[in-house]
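You will see two complexes here that share chain A, one where it goes with chain B and one where it goes with chain C.
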Partner chain A sequence: MSRLDRGPDKKRNRGVGSLLADYAVPVIFIVISVVAIPLSDFSATYLIQELLVRIGRNSFLILSLLIPIMAGMGLNFGMVLGAMAGQIGLIFVSDWAVVGIPGIVLAMIIGTPVAVALGILCGEVLNRAKGQEMVTSYILGFFINGVYQLFVLYFMGWLIPISNPALVLSRGHGIRNAISLTGIRMVLDRLIPLQVGTVTIPVATYLVIAAFCFFILWFRKTKLGQDMRAIGQDMAVADSAGIPVNRTRVIAIVISTVLACYGQIIFLQNMGTLNTYNSHDQAGMFSIAALLIGGASVSRAGIGNVFLGVVLFHLMFIVAPKAGRNLMGEAQIGEYFRVFVSYGIIALALVLHAWKRLRDRAEARRSLRGPAGKE
Partner chain B sequence: MPEVPLLKLENIGKEYFGNRVLADVSFSLNRGEILGLVGENGAGKSTLMNILFGMPVISGTGGYEGNIVLDGEVIRFGSPFDALAAGIGMVHQEFSLIPGFSAAENILLNREELNKSLLETVFSERLNTLDRPGMRARAARAIKTLGVDIGVDTIAAEMPVGYKQFIEIAREIDRTRTRVLVLDEPTAVLTETEARILLDALRKLADGGIAIIFISHRLQEIKSLCDRILVLRDGNVIRDSDARSASIRDIAAWMVGRNVEEDRPVRAGTISDEVALSVRDLWVDMPGETVRNAAFDVHKGEIFGIGGLAGQGKLGIPNGIMGLYPAGGTVSLFGREVELNKPRKALDRGMAFVSEDRRGVGLLLGERIDWNITFTGMQVQNRFLKGLPLLGNLVRLRDDDAIAAESEQYIKSLEIRCTGPAQRAVELSGGNQQKVCLAKAFSMRPELLLICEPTRGIDVGAKELVLNTLRRYNEEYGTTILITSSELEELRSVCDRVAIVGEGKIAGILPAISPAERFGLLMMGDVEDEGAQKEAVTGNA
Partner chain C sequence: MLKKFIATAGWPRVIIGLFLLALFVTAPFVGVRISTSLSDTLVRFGMNGVMVLAMIPMVQAGCGLNFGLPLGVIAGLLGATMSIEFGVRGALGFATAIGLSIPIAAILGYGYGQLLNRVKGDEMMIATYVGFSSVAFMCMAWLLLPYKNPTMVWGYQGTGLRTTISVDNYWSHILSDFLSFKIGTFYFPTGMFLFFAAMCFLIWLFMKTKTGTAMTAVGSNPEFARAGGVNVDRMRVISVVLSTIFGAIGILVYEQSFGFIQLYMGPFYMALPTVAAILLGGASVNRATIFNVVVGTFLFQGILTMTPSVINSVLKTDMSEVIRIIVSNGMILYALTRKAQVKR
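The block that comes next holds the complex of A and B.
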């Protein structure tokens, strides 16, 4: 056997600046938290309790973002489509007064076909907008929001029978702005009660999330997962190897949309109230912000990023209003801060991503140069 | 009894929109035989391989004539996947590896080993998990066939280019059915040692019964590796010869073909000893035309040609000098260094540029001819402007009279066929657009004129006119001109000296009157010996 005389290229020497850019976002948040926690004067048990609740509430939604990232489709802003599907399921379940775990399961069963249909639509649209997935799915979310409002605001109670008058607006059709989900409120969280000191742990929810994590780990090992990774890194090469690119991308979006539907149901059972016209809006933005804060990028995200992100993002949510009031005498500053930060982080992540792509491309070209280029 | 050839091409022909690119190409290939396919750019090699591989571009443009017979059966592939299924593998020039995947994952891309599971029956095979150990073993086997030692877990992005080439070939070998392997310039990116290992590996594969079509511009390799050589020129088979009996000089002559016309006009211009442009250690990051290390001198009043095959970097040189792509090294004009990466600096120093990308970089397509001609002069030299009365040069307006005078003059002298100076550039024919580009450059009254592909995409009559214009301009004004062109004949007819670029370096510089085969040899990677090269660089030969 002959050994090639050239060793592997030297590990790229990126320097501190580049390394910092890769982890800039989580580092900023850790610093903010370290400063804000003492300022807020919250007790450790309070913080832990709040965090446990929020991790249970949000993780599933954020996890639903991972598969499209793997398939190279970026951050799936279209996950709000799934959230809407979940809410439609919840509206029917409330109307029919199915309570407890059966209510949640039924909501999921109703939401699934809606989410699959929306996911296929979204996937097909994104296949026609390759390279522009994020902005397309973002705008598609607005469009489908209009369709959702048409159904919920006009058709429900008119074309679609809604029997419970408590759900319907006084004019006779359309769903009320806020629906109290009393029948299914925290049923999953309290299914397996566990109390450690004064801290309550929503064990069942965590088990569902753990199951989801194992699903993702398993999925990555499948042929389908491998195909998605290939497509994510180089669509042209994957295509020439015979991988059905378009179909696989649709599958990735459908999986994400269906999981976002379940995630929204889990989120809302914890909240206990459904804001018919707003709940889904925030689902996308806050999930994506949390994932990015966890150190994910538009092209790379793992389970670790989800949990680090959810902890850092929500830690800031909890402490910022109180810290704001203690520091500035105004709680509003915290609320302002969290919206400001969500959008800011997403913008920063997009810029960093574009910059990294340019840098990688320049580096790839540099390797083609001869001795004259090695300065 | 003669052996039935594995692959036989019978009278293959192909036309693209009435333009014949292949005519009556026939050859056959036996098991275990290595066929070297050589020819200049545009000789029809790629079209031939596209036909063999069932590329959609062929069926989309009206199919092809003739028959391909594989193992005694006439075949007509609808897509590359049909070709793969029939056992024809292809290793392309550009790498098709997934950067973040390991060697094993890339070799078995979409042909992974899977663990069986119940989900397969319910959904599809794609829900089976990958059998990583199985994949590793299979990949290692394929790599071993090649006789190299590459770890199956090495990530493609971290491999040196040489490794990548081997991984691509290993991928084709792993297909158990591969009977014919086509390699399109596999050694172009390899070091000498790597290339040698690759050639050994190919020989080993051929001994195992695989037939190989080897496309390369390096004639040395063709000669040492191949059993037979097929030379294509202008879509025709010029020679189908035994590799052992043909000399490299013969092959180069067959490829380039045409003999020098002796009616080359006598030059009236004078070339001084003064060096106008001096280039040292130049590298340019132009995608697809990377320049790695170029050095040459151009004398004042000289017409200097840069030739070479596509993708070797000849276009990168003028584009890099003008600052249009990231570049480094030293470029001096009349002894003073020119700042790179800033087109404005190059323009300020009296260099004018006619881009090969006429419609993209060369012209403001939607604007009038006269504005196109005067635009750079206006921007860079503040000409064709007039101050407002009283305000002096604080506010300056377009001087339409000056613009009209200038453009009328060029429209007349270059015979630009148009309805008038107000016609939009997009409405002109290719040849007339090119003349507008030249007028724009001439209007700058440059010290040095850099022209890329002056006759690309224009008809024969216009070609002659453009070249004559360049020659006349050089004679009248003594302007130094650097012409980059894919057409060697054109360079040899108009230039004083011609440099041939190969693999991003100057392979050699020859007087334009040198015999064609010497240029052919340079293009084929036969670098002139060091001493001659030194002399050629400075032009004191």
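The block that comes next holds the complex of A and C.
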């Protein structure tokens, strides 16, 4: 995307104003939460329990967004592709009635090749739309959603055999709207039980997430990770330095898609029900909103942003409907407020980023003018 | 000759054109009446035409595809609900709705244009989310605004607008039925087409004026336009305002034919089919003509009307929704990936 607003040396000599613009989104959220929590009348233990569950449920999905950002490809709206791959894995696993941890692993094994294939497709498409990655991956998500529906709604049970009649619509083909994942419901969360007071902690899920964080930290230091960062800084320079730009970008998207596939499986084992036709849509939007709320920008995001984002976003998620009811006498208002904030925050973050990029560019131009200019 | 035609028209359009032709040819064999389908296609063409037309100014001024169309739609919805609230019926009611929505659209469009000027290069993504968040914001507003007319508010509470509001007693089919005629089962909404033609003429006329030409110049090369003394930012704002106003008028035309006002999440996905339609007509991300609008809307709406009836009779399942998703988004993807190939 942009070339000028990155690198730590650039950050040091920024004024308070730019700093505030950088963290405007989290700050707004903290303010909203501070106002809304007392209004909602929830107890502290309830909030903590809910937050712990939601951190476990969502973090993995959000973490999958980090690698494309590193490679300068912006927010990967194409992560829904990975989510769909994960859901396909889960559909088969529930058809074959594989339960427990083996079920989850098998779903991941089935989902992986699908995610890799979709990731390669996504990467190739994005290479043809450089500079427009976000909107392209966004539309690609819709497009593949159509293909996914074609498969799940028409081919499954017709061309692709599905033996379990509980999964199939009464007309004989097509998967039902909601699938209950009883066999693998919360198996990962409850693998290592831990209870503190009345609060249950899903230790195993947290361990998986921690392992993933270490993977990202390690990955950044590898040759491939460094290449990605170089491409993120400047594609042309990376190209002349001999880095295979297009190939590396495809790899970044493939990794993100596969991880999103695993993330969706983890998400759904916690939920316990698979909404065949809209679980993936929500995965994309909520993950991106959460990451941005955590203070990430389109070109810079770290692990810290992920966790701050999950906490703040889901705090609002839990609190908003009840606060809406207590304040306005109608829960529906809080519900719409939640939707408004999720979309509004993405819009705001994108605007702030684009704005900053233009400002930095203007500043860079000014600095070229020599001593007469600033700096 | 054929090769040249395909090259100029572009593969996707040729494929979709042939697909539509195939649908029309098979229709009589599977028991779908051609005259009904054709008149359905024409009605839907008229319903959506003006909204697709709303894409032109922004594309021409280089602001990209107007994914923020829901903003214009909202202005139209405000105008429509207000005209009903004031109880104005018939042609006058429709005129009131348009009259009320234009200033709202102009104000919203002005702000929207100012915003887009500050985020040059990222317009489309931001427009999408501006559209989405304004729809979500209006969801709250529909609940809270002090509308009183009993045809519009929820019966048992007395406040908050309904999800769908019938315009039956107000201005339903006010344009469509003007001079309309029927031949057997074939119905032609003359008034709606006259209105659409008038709108096309307005856009055409505007594009010929000094401002219109300057706008096109901004779209094709902003640096050059600036050097030529054109105020780039101002032109872009004008184009966004125009797009938003046409979006507002477009939704009103849509509603009078449809017979209902859809509030809340109704306008949410309005932008995608509209964008797809103009691209299907041969427009690109930075160039669009009235011809593109006419061809694109006809092809797109034709497929939307024909696939359910024909495919259903052949396969005995309703695949129209899936086909719609794949065609419309495939078309947008095609347009996005064709733009300016960067070196490696």
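Everything below uses one rule, namely that the second predicted complex is superposed on the first by the 353 of 375 C-alpha atoms of A that agree within 3 Å, B and C clash if a C-alpha of one lies under 4 Å from a C-alpha of the other, contacts with A are read in each partner's own complex, and residues count from 1 in each chain.
Basically, a contact is a pair of C-beta atoms (placed from the backbone, for glycine too) under 8 Å apart; a residue touches a chain by one contact, two chains touch by 3 or more.
As the structure is a prediction and not an experimental result, all values here were calculated from the model.
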Applying the document's definition of touch, where does A:Asn246 land relative to chain B and chain C: first, second, both, or neither?
second
Identify the partner contact of A:Ala129: answer first if only chain B is touched, second if only chain C is, both if each is, neither if none is.
second
Look at A:Arg190 in the shared chain and tell me whether it touches chain B only, chain C only, both, or neither; answer first, second, both or neither.
neither
Output the chain A positions appearing in both contact lists, the one against chain B and the one against chain C.
236
Counting only contacts in the complex, chain A reaches chain B at residues 1-9, 11, 218, 221-224, 226-227, 229-230, 233-234, 236-238, 240-243, 362, 365-373, 375
Touching residues of chain B toward chain A in the complex: what are they?
80-81, 84, 96-101, 105, 109-110, 112, 114, 125-130, 144, 147-150, 154, 158-163, 191, 193-194, 197, 200, 281-283, 285, 287, 290, 292-294, 326, 328-329, 504-505
Could you pull out which chain A residues touch chain C in their complex?
125, 128-132, 134-136, 138-140, 142-143, 145-147, 149-150, 153-154, 171, 235-236, 239, 245-246, 328, 330, 332-333, 336-337, 339-340, 342-344, 346-347, 350-351, 353-355, 357-358
Any idea which chain C residues touch chain A in the complex?
67, 115, 118-122, 124-126, 128-130, 132-133, 136-137, 139-140, 143-144, 272, 317, 319, 321-323, 325-326, 329-330, 332-333, 336-344
